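The structure's right below; bear with me while I get my questions together.
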Amino acid sequence: MKRTALYPGTFDPITFGHMDVIRRAADLFDRVIVTIAVNPDKHTLFTLSERRKQIARAVQDIPRVEVAECGGLLVDFALKHNAVAIIRGVRAVSDFDYEFQMALTNRKLAETITTVFLMPHERYAYLNSSIVREVARLGGRVDCFVPDFVASALKKKFSGKKS
Amino acid sequence: MKRTALYPGTFDPITFGHMDVIRRAADLFDRVIVTIAVNPDKHTLFTLSERRKQIARAVQDIPRVEVAECGGLLVDFALKHNAVAIIRGVRAVSDFDYEFQMALTNRKLAETITTVFLMPHERYAYLNSSIVREVARLGGRVDCFVPDFVASALKKKFSGKKS
Amino acid sequence: MKRTALYPGTFDPITFGHMDVIRRAADLFDRVIVTIAVNPDKHTLFTLSERRKQIARAVQDIPRVEVAECGGLLVDFALKHNAVAIIRGVRAVSDFDYEFQMALTNRKLAETITTVFLMPHERYAYLNSSIVREVARLGGRVDCFVPDFVASALKKKFSGKKS
Amino acid sequence: MKRTALYPGTFDPITFGHMDVIRRAADLFDRVIVTIAVNPDKHTLFTLSERRKQIARAVQDIPRVEVAECGGLLVDFALKHNAVAIIRGVRAVSDFDYEFQMALTNRKLAETITTVFLMPHERYAYLNSSIVREVARLGGRVDCFVPDFVASALKKKFSGKKS
Amino acid sequence: MKRTALYPGTFDPITFGHMDVIRRAADLFDRVIVTIAVNPDKHTLFTLSERRKQIARAVQDIPRVEVAECGGLLVDFALKHNAVAIIRGVRAVSDFDYEFQMALTNRKLAETITTVFLMPHERYAYLNSSIVREVARLGGRVDCFVPDFVASALKKKFSGKKS
Amino acid sequence: MKRTALYPGTFDPITFGHMDVIRRAADLFDRVIVTIAVNPDKHTLFTLSERRKQIARAVQDIPRVEVAECGGLLVDFALKHNAVAIIRGVRAVSDFDYEFQMALTNRKLAETITTVFLMPHERYAYLNSSIVREVARLGGRVDCFVPDFVASALKKKFSGKKS
């Protein structure tokens, strides 16, 4: 029995915390699809295409991992790809409330898909993409949070924006 | 002694979770006023008039329940209607922090009004209006979250919006 | 319709936090039964009889309040007394998890009884009986936490125990 | 690649919440070992042998599930059985803090083993063995919390103990 | 050894809760710099200049306190001013998760600077600037939350805005 | 102005988490008294004398740190030593609730003493003495949690106890 898991997110941008979760998920499942949730109403710093390329590059050495995007309901996407699990990284209590909410909603929509919570390394506890963007916006170093090529991309995005 | 309680919220739209709380509140008080908090600066999916009608229809079989709207300070509205309690549904920890904050603020503003926390059925734990809107926006079924006529209204709102 | 609510607890001893919750409950219901949960396996500082007298004295000026004890299942006691509600004071998040657990269990056992959470005055936030006992044991003043006659009783209990 | 997961606990007694987690784990892994943590210093209501039999009976229809006991360090047991994952059910925030603590400690002790958090059905949210024991001790019905044969065993344990 | 601490925030507007934290910080450190975090992308009710004046006036009687603004990375500002600590007031659990996140990020960026959490008086528990703005917007009294001159400024901001 | 801070605890045994907090506290204050809370009713693994020696050895290279013990009320001890602060390490949400409770109680007992919360390095997040004792009891390695000489002492305590 081959088992597929989705790892959904916005990945704006992908961080070492995400990569740690992906690595763990790839140990547990036969196929992990990093799934970019596309929401046309939500502004992102990086375009969908940029994020797709960043993720692909960040996970290129992790076996059994693919990248995809999903513009509709996540559970429909999961059913279409025969996924048995949706992976979520949890770092903190406030995360968890929201995650419970999503997990319960998804379970209501598709009983057969189980939400699996993994804990990123404590080194990346509390790390998230919006903090990374904020530090980069203010000119701080982000190379302990994201891969080099993402750090460069962040620097480029914000250069010329500061007075 | 007749006792009145307010149940304030945005109700955009009303869900089975709200209805469960209203039913419980109607067991405890002599009069429950479902109070739509009106905030002109906040965008809602349904208009005030739509929400008022949806609530009225959703609670028509629950005795002792009325619908009203409040554009000012909730505690002033409560004092005007001789309410002794403000009802709040709590589902999760992050809810609770915010709710404590509001309750303490309201108590500072009007000592005589007690905030009463009720817990919706665990079947509706973590259910909220914004999740319902999101699922509906993505074309998912919401009839296990809201009454039929609200599900239809959501479908109508989002039809034509998806590519 | 007369409505009865139970306010269960160990009350070892009763504190200003408990009294604040009782006062609020007495505003909301027609009859409030302060219910001492009796558990022969659990050691308490004050005997059942001492606690009963302390509570009776502490609430003597609050109308509509009675004191009782319950050695069996709380929901059976509630059904026997036609109670519609079980009152719980909540102060903190960790309280709340436990309280949710009890509330859901009680609801499973008796659907008609609603658990009602009230928030004691922030002045008594985080106050509880075991902290009071600990401070008294170490010779600290507890008259800002409990009524005078309870403070004296605590002092008496611990005198002669310290080296 | 065959993947084994442990599901450790005291199971005093096994509840519908545990069984729900086991069922989900069995969908995700090739082999699930329900692992009774044996602690000679900790008093339990049911003996190790009783709990082993109760679990075996409760999971007999779930494929890929075994029962074992572990008196030493859980991660050593996991390494010995080539387990890739330790399953934990999480229901509430206070659970989660403790669970994080254990997960981080276990990770420090054995990097290759990932802790996987699953959420039991909301129907069993907040259900735990100690609540079940308490309800049974007070003569309440527990057949909505545990299998029939466990309910009978609980009744038997507590009969004759009540005055 | 003279020790400097920063107390960063938006202060839109400064509340009694902030002032309580500043007073405590001034007892612990030789110099406390109330640091207005300037974010051109974030809309505030009061201008930077207004907030600076309000803070200066609110803290004029507390010794060892200065006001400054910071448009870049807070840790760079801290290093420039030889600060050993960043002060944060914490009131609630959800606060704390966010605060942990910021503190860990800042520590990654500058190991020598310690984040120090202080708890405002329980009288100001859960009080925050956005609640104050909301109450003021709806015409409620805010003089138990902020100094008189801030209450007047709030009243002025919102007069003419209500229908 | 010389400022003294207490860092109270049971330290059964002292861990790297405690040492990290002590190091940070020693950067912020002129004198840090590691204060062993002595409670004759509470069983500990290590005797008071053992813990005192372990702490003294663990902090010998950190300047401005002393060790003391306190058998009475902590705030009395603080007032006697002119302490301005009580240091507490916080790692997790459930910690925090308890810590808030103690801090508020202490503030009620002595207004002038401020509780200061510090966050140990994320490397030691969720680490605590009871987990360390448990791992040692089961024969696991604890040298990544405590200094070598404490690890040896733990090993010695538990040798001969396991079958």
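Each chain carries a letter (A, B, C, D, E and F) given by its place in the written order, and its residues are counted from 1.
Heads up, the rule we're going with is that contacts are C-beta pairs under 8 Å (C-beta built on N, C-alpha and C of every residue); 3 or more make two chains touch, one makes a residue touch a chain.
Quick caveat: nothing in here was measured; it's all calculated off a predicted structure.
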item: Given chain C and chain E, the chains that contact each of them; value: B, F
item: Rotation angle superposing chain A onto its copy chain D by C-alpha atoms, nearest 5 degrees; value: 180
item: Candidate from A-D, C-D or B-D with the same interface as C-E, over half of contact pairs in common; value: B-D
item: Classification of the chain B:chain D interface as same or different, half of numbers criterion; value: same
item: CA centroid of chain B to CA centroid of chain F, Å; value: 47
item: Chain centre separation (chain A, chain B; CA means) in Å; value: 33
item: Sequence positions of chain D contacting 2 or more other chains; value: 93-94, 97, 100, 104, 122, 125-126
item: Category of the chain touch graph - line, ring, star, complete, other; value: other
item: Pairs of chains in contact (touch as defined earlier), listed by label; value: A-B, A-D, A-E, A-F, B-C, B-D, B-E, C-D, C-E, C-F, D-F, E-F
item: Complex contact set, residues of chain B against chain E; value: 72-73, 75-76, 93-94, 97-98, 100-102, 104-105, 108-109
item: Of all residues in chain B, those that touch chain C in their complex; value: 1, 3, 24, 27-30, 84-85, 90, 93, 96-97, 100, 103-104, 107, 112, 114-119, 121-122
item: Contact set on chain E toward chain B in their complex; value: 92-95, 125-128, 131, 135, 138-141, 144-145
item: Sites on chain B touched by chain D in the complex; value: 93, 122-123, 125-126
